[in-house]
Every structure is written in C-alpha cells, then in structure tokens.
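The following pair of complexes shares a single chain, chain A, combined with chain B in the former and chain C in the latter.
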Partner chain A sequence: MRTTRILEWLGRLYIWLLLAFLYLPIIIMALMSFNVSPFYQLPFEWTTEWYASLWQNDQLISATWNSVEIAVITTIICVLLGSAASLALYRYEFRGRKFLQALLFPPIAIPWLITGTAMLIFFFGVGIGRGLFAILLGHVALALPYVIVVVSARLQTFAPELEEAARSLGANQWQVTDRVTLPWIMPGVIAGGLFAFAVSFDQFVVSYFLSTPGQTTLPVEIYAAIRKGFTPEINAVSTIIIVVSMALMLLTARFFKFGGAK
Partner chain B sequence: MAGVQVSNLSRSFGAHKALDDVSIDFADGGFYALLGPSGSGKTTLLRQIAGFDFPDFGRIAIGGESVERVPIEKRRIGMVFQNYALFPNMSVADNVAFGLSVRGEPKAVIAAEVQRALDLVQLGKLGSRRPHQLSGGQRQRVALARAIVTKPRVLLLDEPLGALDKALRVDMQIELKRIQREIGITTIFVTHDQEEALTMSDRIGILRDGRLVQEGPPEEIYDRPKSEFAATFLGDANIFRGDSTGNGIRLQDGTAIAAGAGAKLAAGAKASCAVRPERIRIATDTGTPNAPNANVLRGQVSKRIFAGNNSTYFVERAGQTLKVIVQNTGAERLAEGQDVVLRWSPESTVLIAAG
Partner chain C sequence: MAGQVAIGSRSGLRSALPLLLPAYLWLTVAIFLPLSAMVFFSFMTELPLSGKAWSFTLDNYTAFLSQGLYPTLLLASLRLGLEVTLWCVVVGYPAAYVLAKVLKGRSREAIFLLVILPFWSNGLVRIFSWAMVLREGGILDTALNAVLPIKINIDLMYSYPAVIIGLVHSYVPYMVLTCYLTLQAIDGSLIEAGRSLGASRLQVLKRIVIPLSMPGLVAGAALIFVPVVGSFMEPRILGGRTGTFYGTVIEDQFVAVFNWPLGAALSFILLAVVLVILAVASPILRRAA
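Let's turn to the complex of A and B:
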C-alpha cells in the first residue's frame, strides 16, 4: 500500500516537473511582457507599455503579417497538393510509386541549414532570387512531405471497400472522393495542415537564407532585433503569438483528436 | 431486373489463372450461389460481374447487354460486401440514400424510397442511427437496403453472412431469401459455406482453381455429383476407387460395387463411386438378411461420434475408413470394435470418372 502511494506521488511530481519544464520559460516570458523593467528586474510592476510600443513597431508588425500570410498560403497549397498526392499514391498502382514514396522522407531528415543553402543557390541560379516569394516556395517544399506523410497514415486506416461500395451505387470518381474518402481523411488533412502551418510559421533557417531586409518573416526579424539589442516588445509579440497558436491547437485537438476515430 | 450471362470468362493475375474459361447462365430472378474453397475464383467472378475488374477474355452480359468493358458505376448493380462497407460518416438513412443522391434524385423521392427500403429490411425506425451504433445483423440489413434501393438489375453478395454468428446467420438466410423473393431480383451469392448454398439457392455453381466444376440445382449437385471434388466439397461422401465395370466399379480386392447413377463409363476405365454417409445402413453381423441387389461390405466400427439427433460411425474396411451417419431413432447403438455389415442401394451410388 505504502509503495503504491509513494509511486503515485512520484508520478504526479514527474508530470508537474515535465509541465514546468515545458511551460515555465513561456510563462516567465509572458509575465515579463507586462513588467515595467526591460531587463527582467523584480519586483514586478504591471504595464502594457510594451504592447503599446509594439503597435508602433512597423517592422515587427509587417514581419508578423508576412509570417502569417506565408504560413496560411503554405498551409493551403500543401493541404491541397499533399492530400491529392496522398490519394494518388493510395489509389493507383504506377511505375515508380514505391520509389516516389521513399523519396518523400529524406527532405524531412535533411538539416534545414543544408536545404536552405541549396535553395538559396538554386533560386539564384534560376532567377527567382530572394524575397517573400522565394520564402513561400521554400516553405511549401519543406512542409509538403509532412502533409503527405500524415494524410497517407490516415488513409492506411481507410477501408478500400468504401470506395468500391460508393462506385457500385453509381457514384463517379469525384463523388466518391467528395462524399466518402475526404470525410474519412479530414482529421489527417487538418493535422497535416497544422504541421504545414507550424513548419512555415516557426521556420527560421530557410527563411533567414531567403529573406531580404525589407522582405522578411517574424522569426528572422526577432533574431535581427535581438542582435541589435533585446527589447520587451519581442516578449509582447511572442506572447500574442503563443496565445493565438495555443488556442488554435486546443480547438483543433478538441474537435479532431488528431487523426483518431471520432 | 435481368439475367446475367457469363461466357468463356478468363482472368489471370501474373501466372495465376484466377478464372479459366468460365461460362454460367444466371437466370432472371434466380438465386444463385457460387461455392468454392478460398482461391477458387468465386470472388473474382463476382467482382468481374460487378465491374471492379475487367476480364482478359470472354463476355459478361446483363439483360442481354454486353458490360465487360462498362465501368462499375454504370452497370446498375447492387453489391453487399462481406464487411458491409457502410459509410461511417453518414447516418443509416444517408447510407441508404447514397445511390439515389449521387444520381441527383429529388429529395422527396429519396426520402420516400429510403423509408420503403428500410421498412423492407425491418429497420424503419433506425434511420437516424450511425453505423457504429448498430449490431452486426442490423448493419447487414442496412447494407442490403442500400444495395437494393437503387433498383439494380442484379444483386451481388460477397459472403454477406460470414461475419455473423450461427443463430443470426440462419435468421438472415431466411430474411435475405424473403426479401429476394419479394423484389424478385436476380441474386448472385458468393459463399464458402455449403449449408448456406444448399438452403438458400435455386442453383449452385461450384468453382475450383478458377474453373466451374459443376452447376445445377442443389438437389442435383448433391445427389449426382460429377466429380470427387463436387461430391466431397458439397456435403460428405465415401469415395471408392477402382476399375469401371460399366455399371459400377471393381475394387482392388475384387469386391464389386454397383452404381445406379452417374456417368456412363466403358468397362476397364479408372473410376470412382461416391456414397453419402446417410444412405448407408449399418447393422451387426448377425441378423438382417441381404436385400437383393444391395451393395454389401463388412467392416469394424473404429469410432462413434454422438451428435444428439444422429451418430457418425467410422468403419474400417480394407485400409479405408468409411463414414456412416445414423439417425437417433432410439435403436440400439453399436459399440466401438464391433464387426458390422454396411448395406446401401445402387441407386444411392454415383459413378464418377477418375481424374
């Protein structure tokens, strides 16, 4: 009895330590975005000054919007292309299918530093150069394999008889996809989209290589700002982003349970 | 509604001949069972008729119209799958409505037809349920309602009762037969369960290794099997092998067995005789005089299995184990080790060409 209770207690302690490890730095950062002192000095004095001055910081705001836009467009493109590719890989037997599938994994494993360098050189060579369009292309290339892997995993749980049943009832290829297959893979598509959004929105290395001073994303802008000298505005913008993205994640998890059965 | 004609159908997957020159005429409104062991080609044949796969050679006609190159969605067939294949994201009513809905039927028509189909399978009140809230038997009925609501020309069933337990299966057999009679649809039914094939169908086709072994009404196949395979796959049979005497065979030890049914074979050819276990009478050595013309063999009971309404005796005779099934009429039971005489009439003996 006593050992069970001790084990139970240790287990709880472990969970709390883990949560602290994950969230403490974030909580401190969020708190400091409301502290008067720009140098993390205590005692804590409440202010919204940093949020007000963030509002004035055009560079940071424009970089934030760039990041959001690029992440949203990347997500849309990757979800459309990735789901279509997953369906094709699932439905059709064609020459080189296995080979193509195998080729999807290495880009996930190749360090972003190397991918970024390669893209920079390539984009210069073909005349795309640097800038927001180059960043978007780079992000799509980085995020696409994630979507295909996640959606394909979901498709593995799909019973092929469902498509056959739909066709036997007179449904054409579009109706089958629209009414039977897509509803089934939707949790995978949502999860894949979240991955794509995260890969793009968090992306620093590749964006850093492909951005120019006017055309940049938030992570690159934060990095540049920190090098110039840290300001609590960065705490403020980070706090806003954390709140928004956590709310998004919680909502999705609540409604879709990440690819599990409904 | 329409009949289905399959002529000289062949389909290979690599070196494997899944269907080898199969021809069957499925009569309009009939209930047809395709029976065979796994790998016999029965499911391949069903999928060819459905249109999931196209043949290498041969012709498939539904209602006289060649369909072997017509894609499945244009064939107007109804199919029930082994695992039901109900759409998990839709309610029962939406599942049944699917075929009408993709055709663009008006909503009011769909609602009325769906209700009629659900009433037919006695699920009229469960339209708003989801498939996962139903029992196996109920899912089976939904799958059936979904397949027939579009008024298909042919109903195809792929081992539809395989996933149900024994008692439910018998209920569904009766139910399926009732619905089939009520709408009079040509029905082709794949099964590996011989009892199911015997009780439900008007005609049975037995397949083996991609070839049609025999086809005909259940009684004919059971009473007049044309091959050892047909005799032993559909029901149980004792097989004797020897040389044809024209109207029977002579075993290696010289014993003659008279056959009153089956193939006409020239004397001297290799041949077999098949006898159903329930056609053989078993008695102790003493007593019972020889009936005229009866086939008579002596042997020794090696084992008796009591199954309530009947008993199965295993009788050793010249290195061969024979099976005899005796109804439980209250008569004295024979003990293991007992010497016995087996008698049966030539009319119960079917002569089969060897090979």
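Let's turn to the complex of A and C:
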C-alpha cells in the first residue's frame, strides 16, 4: 500500500505544521524578550535587560503578587468546596441531583464577557463593589465547576464496595472518607486544584471588569500596557506567565489523564 | 452506581446538603444572582446606586433595535464566530484524524498533549504574541522579505484577517480535542470493512468517518462559536480600528461610556442568542453522550 504510506507521511507532516502554527508566535515572543532592540528589530542580540527592568516596575510586581495570592486562595477554596460537593453528588441519591449537576455548566458555557459584566453590576448593587475581594469571589465561582467535574470524573472510577468494606469493618463515616475515599480521589483533587489555579491565574475578562486601578491582577495590567503600546518588558513578563501556566498544565496532566483515569 | 443505590436509602438530601451548600451558595452569589441582576438592570433607566431617580423602561431594548449599529455589530460578531469555527474545522479536523488514526502509542500521547497545552496557557498573552508576528516590520514581514526576491510589505496587523488568525490560534485546540475523542471511538474494523467492500478512501470518509464523528464536530463548534461571538480582547488587540464588534461595544458600555443599563441589555441579548444556539446544538450533543 504505497498510497497509504504517502498519506500517513503527509498526515504526520500536517501535524507538525499545526504545532508550528501553535507554537511559533509564542517562541518568537520569548526570543524577542531577550533581544536588545526595543522595537523588535533584527538581527538578534542577546540581553536580559528587560527581565532586569521588570524588577524596577512596582506596578507589575504588585499586580503579580495579587494574581498569585488570588490564585492560591481560589485553589484552596475550590478544592475544599468542590471536593465536598463532588462527594455529595456521588454518594447520595436525592431529588434534584441531576439539576444540581446541570447547574455546573452555565458558568463554563456562558461567555466570560457576560458573566463578568453581570458580576460587576451585581457586586456594585449589593455594595461589594470592585477590587481584589470581588475578583476572588468571581474566580472561585468560575473555577469551582471545573474542580467538581474533574473530581467527579475521578470518583466514577472508585469502587463503592471499598467504602462498604470499610464500614462493615467498623469504620465510621468520617474514617471511611478519610482513610478510603480521600486517598483514592487525591489525584483528581490535585488535578482539580491545579486546574483552579490555572483558571484563576490566567483569567483576564472577569478580573478586567472587577478591577480598580490600585487593585488589579497581572493579565489586566498587561492588557492596559498592550493598549498603551508595546514594550519588551511586556514580552518578558508574558514569557514568564506562559512558561508558568504551561508547566502547571503539564503537572496537571501528570496527575490526571484527560478523559478519565485507568 | 451500585454505591448510590446501596447508600441511597439513607436520608439522601439531608446528608448531602452540608457538603453541597457551600459550593452552590458560592455559585449562586457569584454567578446566578449576578445573571438575574443583569436582566433586572437591563430594564432600568439609571443605576439605582447613583442616587438618581430611576424607573422601569424598555428603552435599552428599543435602543438595540432602533439604532442600526447594534444589530449590524451583532451580525458581524455572529459572522466572525462562524468564520472562526469553519477555519477551526478545516485546520483542526484533519489533525484530529491523524492523531486518532495514524499516530500510535507514546508519540500520539505526546503530540496530543502538545496540541492541547497552549489552550491552557494565557489567552491574552498568546494573542499579544501574534501582534509581534503580524505587524509591519514584524517577523512575518522580515522573514518573507528575506526569502523572496521582490520587496513586499506584509502588514496584517489591525485587520480582519489578523483577528481571524488570532482567534483560530486560540480556539483550534478545542476542535482537535473534541473531534479526536469521537474519532478515536470509531471502530477501525468499520473503516476496513468499507474499504474491503470496494469503497474509495473519499467514500469511507464521507459515509463512515464524518457521520460518526459528527458529535465531536458539533461539540467543538459550539465550544468555539459561543466564546468567539462574545470576544472583545482579541479584536481590540489585533483588529485595532477594524476590530469593533458586538463584544467591544458591550465592553465600552461598562468601562468607557458607563451606560450600564444599556450594557446589561446588550449582554442579555447576547446571552439569549448564545442559549438559543446551545439549545439547537444540544440534541446532537446528547446523542453523542
């Protein structure tokens, strides 16, 4: 089958072209963050000047800390609330269970532009206003459904007989959860946590509508800088962000096979 | 599932409630109440907060209809969504096919991860990286002029194609993912049977592969179309003055013009359009599940 082999070869070639399309702009951006010319002129001359000047930029540094803090707190809250809800949805049979599961999809499916502007209106109306606390409220709500979905997927692979066995050996409800169920779902919980961190750390749209000049996150700060004009400093900080978020996802993939575990 | 039946006899909802309440309370406060508030606000003349008198009105909706600008922009955004979705099918489907049916073992796993990975990195930053490639004197311009004998100026920055390229780059991994999942589930022996019964490659593709992978195509299309119609950051950065779409107008109402009630009405109209589209797609999606 010669044609088959040629077609397969073309297919492989195509995949590499797609990967080039996906990664070239990112790679170019990373390279340019090490280039001397602030106007991205070639030939390329190596420098770490732009990374050094990042340390002088107080605005970017404080926005970065805000982003990290919010992402960490979001992760902790989402893991706790999400795991509890997943366990309840898995363990108990009750009216409205299907409905509660279906409620998880609007936050994922509705464009962030709509969710973000709706939060702005509501938080303003009830007196929460804008700022870091409002951003945190929003981030947890956006990340929570993902955590529940990921942990529930892991729970699907759990053998309920294990809980029954522990119970019949005299373990109480808390011991069953602590010694049997939690260790089993741990990979799902860790993956869900990493997911939540990524959703929060990369979130731009919702943060954008909820931030105020002093209380803002890194992506919002970057957007403002881009609209003012390009600077190699943005390249440097963007490169750092993209490396961090890709590393996070690789870590997540290690803990959790997409589409369910074995 | 057996566990649920076994434990289900114990007071279901009462035991479940303490575990469920915190999560769903949070979702209510930060998602469901805000969405309801948005509907409420969209029928108001003024923000009740500013101390000004306000009353109920349909003006914000009649403004949408009477000013030709808004429906035109909504149509432009729907067209943008359609075009980006089509390009994602054209670019993503063949890649999903190769991943599912040609590549095997570890190389498949590694390449799959590589395709999905950028999707989970910062979208804003990826859009920004295209700005560097597309602008005049940018990388594409320099590279092409270094290779070509004649001098040409490539300045795609701040144009419609730039917006399309950026959005396709952002969303094509979705299409690869959903199509890959359905293509992988197609039994290889079906394809072999078709071939051995004398069908050409094209016939097998048209009669077997594409129909069986339709749920993946529809799921990918819905996942791409909906956020693209509501996009505003990508057209702003890559489209410049040509990048005025429905999403950017909504953004303006909230951050520049401060006409929140109108912004709420525009947002709600977008939400309604999105829900209709999801409702149309859902029977096909449910058949897949």
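Heads up, the rule we're going with is that the second predicted complex is superposed on the first by the 245 of 262 C-alpha atoms of A that agree within 3 Å, B and C clash if a C-alpha of one lies under 4 Å from a C-alpha of the other, contacts with A are read in each partner's own complex, and residues count from 1 in each chain.
Convention: a contact is a pair of C-beta atoms (placed from the backbone, for glycine too) under 8 Å apart; a residue touches a chain by one contact, two chains touch by 3 or more.
Computed from a predicted structure; not experimentally measured.
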| item | value |
| --- | --- |
| Clash-or-fit label for the pair chain B, chain C on chain A | fit |
| Touch count on chain A, higher of chain B and chain C | C |
| Chain B versus chain C as contact partner of A:Arg179, first or second or both or neither | first |
| Which of chain B and chain C A:Leu210 touches, first, second, both or neither | neither |
| First, second, both or neither for A:Glu164, with chain B first and chain C second | both |
| First, second, both or neither for A:Ile241, with chain B first and chain C second | second |
| Touched partner set for A:Arg95, first chain B, second chain C, both or neither | second |
| Nearest Cα pair across chain B and chain C, whole Å | 7 |
| On chain A, positions contacted by chain B and by chain C | 161, 164 |
| Interfacial residue positions of chain A with respect to chain C in the complex | 7-8, 11-12, 14-15, 18-19, 21-26, 28-29, 32, 39-42, 77, 80-82, 84-85, 87-96, 100, 103, 106-107, 109-115, 117-125, 137-138, 140-141, 144-145, 148, 158, 160-161, 163-164, 198, 202, 204-205, 208-209, 219, 222-223, 226-227, 230, 234-235, 238, 241-242, 245-246, 248-250, 252-253, 258-259 |
| Residues of chain A that touch chain B when the two form their complex | 159, 161-162, 164-172, 175, 179-180, 183-184 |
| List of chain C residues in touch with chain A within their complex | 2-8, 10, 12-13, 15-17, 19-20, 22-24, 26-27, 29-35, 37-38, 41, 47-49, 91, 94-95, 97-99, 102-103, 111, 113-118, 120-126, 128-133, 137-139, 142, 169, 172-173, 176, 181, 201, 226-227, 229-233, 236-237, 247, 250-251, 254-255, 260, 263-264, 267, 270-271, 274, 278 |
| Touching residues (chain side chain B, partner chain A) in the complex | 50-52, 71-74, 76-79, 81, 83, 85-89, 98-99, 102-103, 146-147, 150 |
